[in-house]
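My questions all concern the structure below.
Order of writing sets the labels: A, B, C, D, E and F. Residues in every chain begin at 1.
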Amino acid sequence: MTDILTLAASNLLSPIILSFALGLFAALARSELSVPEAAAKALSLYLLFAIGFKGGASVAAHGIDGRLMAAVGAGLVLSFGLPFIAFALLRVMTNLGRIDAAAVAAHYGSVSIVTFVAATSVLESRAIAAEGYMVAVAAAMEAPAILSALWLVARGNRAASPEPGLWREILLNGSIVLLTGAFVIGMITGEKGLAEISSFIVAPFKGVLCLFLLDMGLVAGRGLRDARGSAGGGIGLGAVLFGLVMPLIGSMAGLALGLAVGLSAGGVALMMVLAASASYIAVPAAMRVALPEANPSIYLTLSLGVTFPFNLILGIPIYVAVAQALTGG
Amino acid sequence: MTDILTLAASNLLSPIILSFALGLFAALARSELSVPEAAAKALSLYLLFAIGFKGGASVAAHGIDGRLMAAVGAGLVLSFGLPFIAFALLRVMTNLGRIDAAAVAAHYGSVSIVTFVAATSVLESRAIAAEGYMVAVAAAMEAPAILSALWLVARGNRAASPEPGLWREILLNGSIVLLTGAFVIGMITGEKGLAEISSFIVAPFKGVLCLFLLDMGLVAGRGLRDARGSAGGGIGLGAVLFGLVMPLIGSMAGLALGLAVGLSAGGVALMMVLAASASYIAVPAAMRVALPEANPSIYLTLSLGVTFPFNLILGIPIYVAVAQALTGG
Amino acid sequence: MTDILTLAASNLLSPIILSFALGLFAALARSELSVPEAAAKALSLYLLFAIGFKGGASVAAHGIDGRLMAAVGAGLVLSFGLPFIAFALLRVMTNLGRIDAAAVAAHYGSVSIVTFVAATSVLESRAIAAEGYMVAVAAAMEAPAILSALWLVARGNRAASPEPGLWREILLNGSIVLLTGAFVIGMITGEKGLAEISSFIVAPFKGVLCLFLLDMGLVAGRGLRDARGSAGGGIGLGAVLFGLVMPLIGSMAGLALGLAVGLSAGGVALMMVLAASASYIAVPAAMRVALPEANPSIYLTLSLGVTFPFNLILGIPIYVAVAQALTGG
Amino acid sequence: MQTHTAKRVEIVIEAPLERRLTEVLTKAGVTGFTVLPVLGGSGRSGRWSREGQVGRAGGMVIVICLIRPDRLDSLLEAAFAVVERHIGVVSVTDCEVLRAERF
Amino acid sequence: MQTHTAKRVEIVIEAPLERRLTEVLTKAGVTGFTVLPVLGGSGRSGRWSREGQVGRAGGMVIVICLIRPDRLDSLLEAAFAVVERHIGVVSVTDCEVLRAERF
Amino acid sequence: MQTHTAKRVEIVIEAPLERRLTEVLTKAGVTGFTVLPVLGGSGRSGRWSREGQVGRAGGMVIVICLIRPDRLDSLLEAAFAVVERHIGVVSVTDCEVLRAERF
């Protein structure tokens, strides 16, 4: 326990978290500080490319572990399954309707890549190794949750006509393609490829992450500010509670499957992070197309304004400590 | 004297100055070379974050000097006071009206962060140490000058009704918040934090500064080009002269206060630079809101087209040489 | 021969080429992956600045070779001359009209800087030295081809009234000014200047190139996709064949002149690359102004969709191998 | 100068729907359209801004369509089928165009 | 298709004034607006361009507002109070909108 | 509020021609214009998008011009001289402006 607290404290005082806090503060104080949309997108492309490439190169270096397929399978199970737990919880803890609850549930089955990236950087700074293919698991977990959410809605509703082109769009969304593509490139070019471009994708990585989290803080803070003042009085207390409890539940499921697959301490921690995190890029866009009746401010506020900071600040140190304790790593 | 000339010559032939000159040339030659707005903003966010963080980390390393508060106080005095000198000079040297003169004066009381950044990089390349908290002084000097300018206008005019929300906007403007925030982060995370992200904020710093100055050259050149051809025949000779004399006067005030506070050679040089430089981002935006009747092309041309290049090319080497001579550093 | 194949294979599996392939794949699969326009422009500014500066610094280090002027002269001859060959070929191999053929021809006389950059990075990774001033040759080759194309059109047509301002616009286009400017800055500041900013322009260079090629792949793929489906049924087979044959012919001309000038193995290879490559930024913009009747989708598809990937994947290794064989380098 | 009556239809629509809308417009016989970026806005669903955003959700674009008056109805019906369930605003203005043969 | 008359107000205004203008519009009972980026322009105060700019001063944005005709006057008065002392241009066009209940 | 009739001319034109168009407009006595960015579009020459593009070719901008009605013809003639051989669309809408002395 003290261990977790020490970890959390040291985590709290890292440049990464403090940059996020700065963004949050600036937005809540209504500062006009802002990152241009194009710059934010460029930073996210960089992070996806770098994390994918490094994962692939690490797989190339350590050989394809027999557990890769099992880990991807576990990820798929989590992504398909967690929305059902989330949906049930939401229906109990909040007064969200079926559609809003299903839309929120989709976000929690899917993953937040930047939470994953922040976790890998915490692992690195503590010299805890993790399987490189966890990047592939992350990519695999992005989409299935959307299917579960649509099924949850269709069940209670008329048979929702599957929107043509939606599936291609979801499976080929930018972050899945770039993450998987960079992973494959890293696997093909291996350590040699990594050496060639490591002064671009390894050395400045953490600094870029700081700037990106500054931006995430700004966007999350703006969202919280506007939600607070919005017509519906913002999201309710039950929903906020859900946003804090659900990552813990998700992480337990991730823990169980991570241990079952036999991952290392780092791998288990990352599996917990993936299960605990909620999408805020790919799933919201898919929801606007597939479930336009769902209120975007609910799922965006929960995912970006509640669960993301929770995971970043408290969640990651907890998951890492638990994973280390239970794997003996 | 020869010393200053050698310094100026070596300064003149640094990649930083030459990049600025290239931008200036390209704009005056009407090349369509341009930096996208989003990229320019991203570069400036990077510079603010990096310079703030490094300042904070340096304070963490060397301990909070008893002189920090004194230095910040000196900065406030300069920022409040210089507009009065500038205003008086402008009324004598030019035929600008009260409002235009006050608006220009506000710019010279405030600071240009990029001039400050260029000066720190000159100090670094000459291995002259400076107090890390000079970054905090820079942040403190951004806003007060605006107050003085508004007072100058109000005195001669009806009581200018204070525009609601203007003060919050000025005090929380993007560069103050980011600079101060990064400074605090640097102070909290210290040398360890700096080590984590130094391949992002230290190693490539000077190169990024080159690209940013290329852009500044383009913008300044475009401004000069359009001012030359503009209806009013551009700004007068008196105003140009003011743009060259005022930084020298400001730097003398900065010198006096810097010596009084007991700063190191580098610190005194930076105090001179801050006093000598003129804002071109925060103050113009505040002036458009607070003094819309003031002609923006006058203050932008003076600040960005005259004083900025003067400080960059001649001013900085002069201030550094004088500071070294008078502190024995 | 086996040598070329080995080179081609190792080239094929470099992060650079694979990043391009990833972009191509994503666009053809209709993924919504995209790089913001401002970010793509910023990457290209970085590449131009870095390659120009490094070239200049290398000239400063190795002294101005008597062959510099001869090499620039050879470049001018190629840029003026190749459009005539390309035009004749196009009239034979395709059924393009005079105007379309002339517009395409202009692209092949001019150069693609990113192909040049990719080639320098291949040379570097094989430790083959090249003359730094090849950057100046590249800059010199951008514009003359446009003159030849306009002459080809004017000959068959009414005397094309020279569009006022067009020449200034072409000669001062962004990439010529930035490349030449950075070259001059590199030459002036030399090794010392390079050392100051090498962690910005040297270390991360290859990684930035990967991201830029990812974007080029996306843009090329989108072009191919749309050309395929377009009204005219896309470009014909003859045109595609031209896009593959012309670079080989160009490279032979570049080889002859490179050898005649007495360049090193690396210099000859780069001269071949310049001659073989086709412009896709500066010339298309000039053509829209000067020859608006020419169909842009033809020249863009050929230059970016056919010749660029051909050079990147097969051309460069071939040119390098041939240059090495024939110079004994 | 010779001009011809036409209609200018301006559709503010959520960015993730852009492709669907333009596909539907093309099917409805529209010969061209232009897509503009939007920085931010406000409506019944609250205030929003694109600053710092990475995802497409939560952003809007404007699609402008110049058409012959007799095609207006089929365009509006096609557009409405997409806009109906979504956030979005449609307005129509009378205008004059040069080169009517293009529309 | 059923459409309803409305007014389309387009205000070109200095970027630093954007927040003030939209606040005033909201107070004047406007139910929505859309903000567009502007690359550059020219007017009595000369030519300008956003390229390479970092600060907001020296840039403009466009605020578009669709409203019911009877609200036009109060909107224009509110807008004019902000635009009056500043650089800016206001134009009003007649238009038709779908879903009139939104405005 | 006191408004004055004017014309709003909207010209969609290839980005490399922007400077030429605005120069010609200025010569034709236009007192001001505003240039907007365009993300993409579609027309007789196919679909295009600015995403990831570096060069100006293959992109469009919109130039908006508010003018007094009596100046419309000379503006259209000037604009048409540039647009004629190029890709581009011109539309004109009736509008009302505040501060007519500006136009």
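Heads up, the rule we're going with is that a residue touches a chain if its C-beta (ideal position, glycine included) is under 8 Å from a C-beta of that chain, and two chains touch if they have at least 3 such contacts.
Please read all numbers here as calculations on a predicted model, not as lab measurements.
Looking at chain A and chain D, no chain is in contact with each of them. Where touching is counted per the definition, the chains common to chain E and chain F are D. Chain centre most remote from that of chain F: A (centre = mean of CA atoms). When chain centres are defined as mean Cα coordinates, B lies farthest from chain D. Interface chain D/chain E: under half of the residue numbers present appear on both copies, so the contact uses mostly different residues. Between the two copies, chain A and chain B, the C-alpha superposition involves a rotation of 120 degrees in steps of 5.
In terms of their C-alpha centroids, the spacing between chain A and chain F amounts to 45 Å.
A separation of 38 Å divides the Cα centre of chain C from that of chain D. Averaging Cα coordinates per chain places chain D and chain F 18 Å apart. Each chain gets one centre point, the mean of its Cα atoms, and the points for chain C and chain F are 34 Å apart. In chain F, the residues that touch at least two other chains are 36-37, 56, 93-94. The multi-chain contact residues of chain C, meaning those touching 2 or more other chains, are 32, 34-39, 41-42, 199, 203-204. Screening every pair of chains for touch gives A-B, A-C, A-D, B-C, B-E, C-F, D-E, D-F, E-F. Against chain F, the residues of chain E that register as touching in their complex are 10, 12, 36-44, 60, 62, 73, 76-77, 80, 83, 89-94.
Contact residues on chain A toward chain C in their complex (touch as defined above): 36-39, 41-42, 45-46, 49, 53, 168-169, 172-174, 177-178, 181-182, 184-185, 188-189, 193, 196-197, 199-201, 203-204. Within the complex formed with chain D, the chain A residues making contact are 34-37, 40-41, 44, 165, 215-216, 218-219, 222, 226, 230-231, 280-282, 284-289, 292-293, 295-297, 300.
Interface residues of chain C, counted against chain A in their complex, comprise 13-15, 18-19, 22, 25-26, 29-39, 42, 125, 199, 203-208, 210-211, 214. Within the complex formed with chain E, the chain F residues making contact are 1, 3, 6, 8, 22, 26, 31-37, 61, 66, 93-99, 102.
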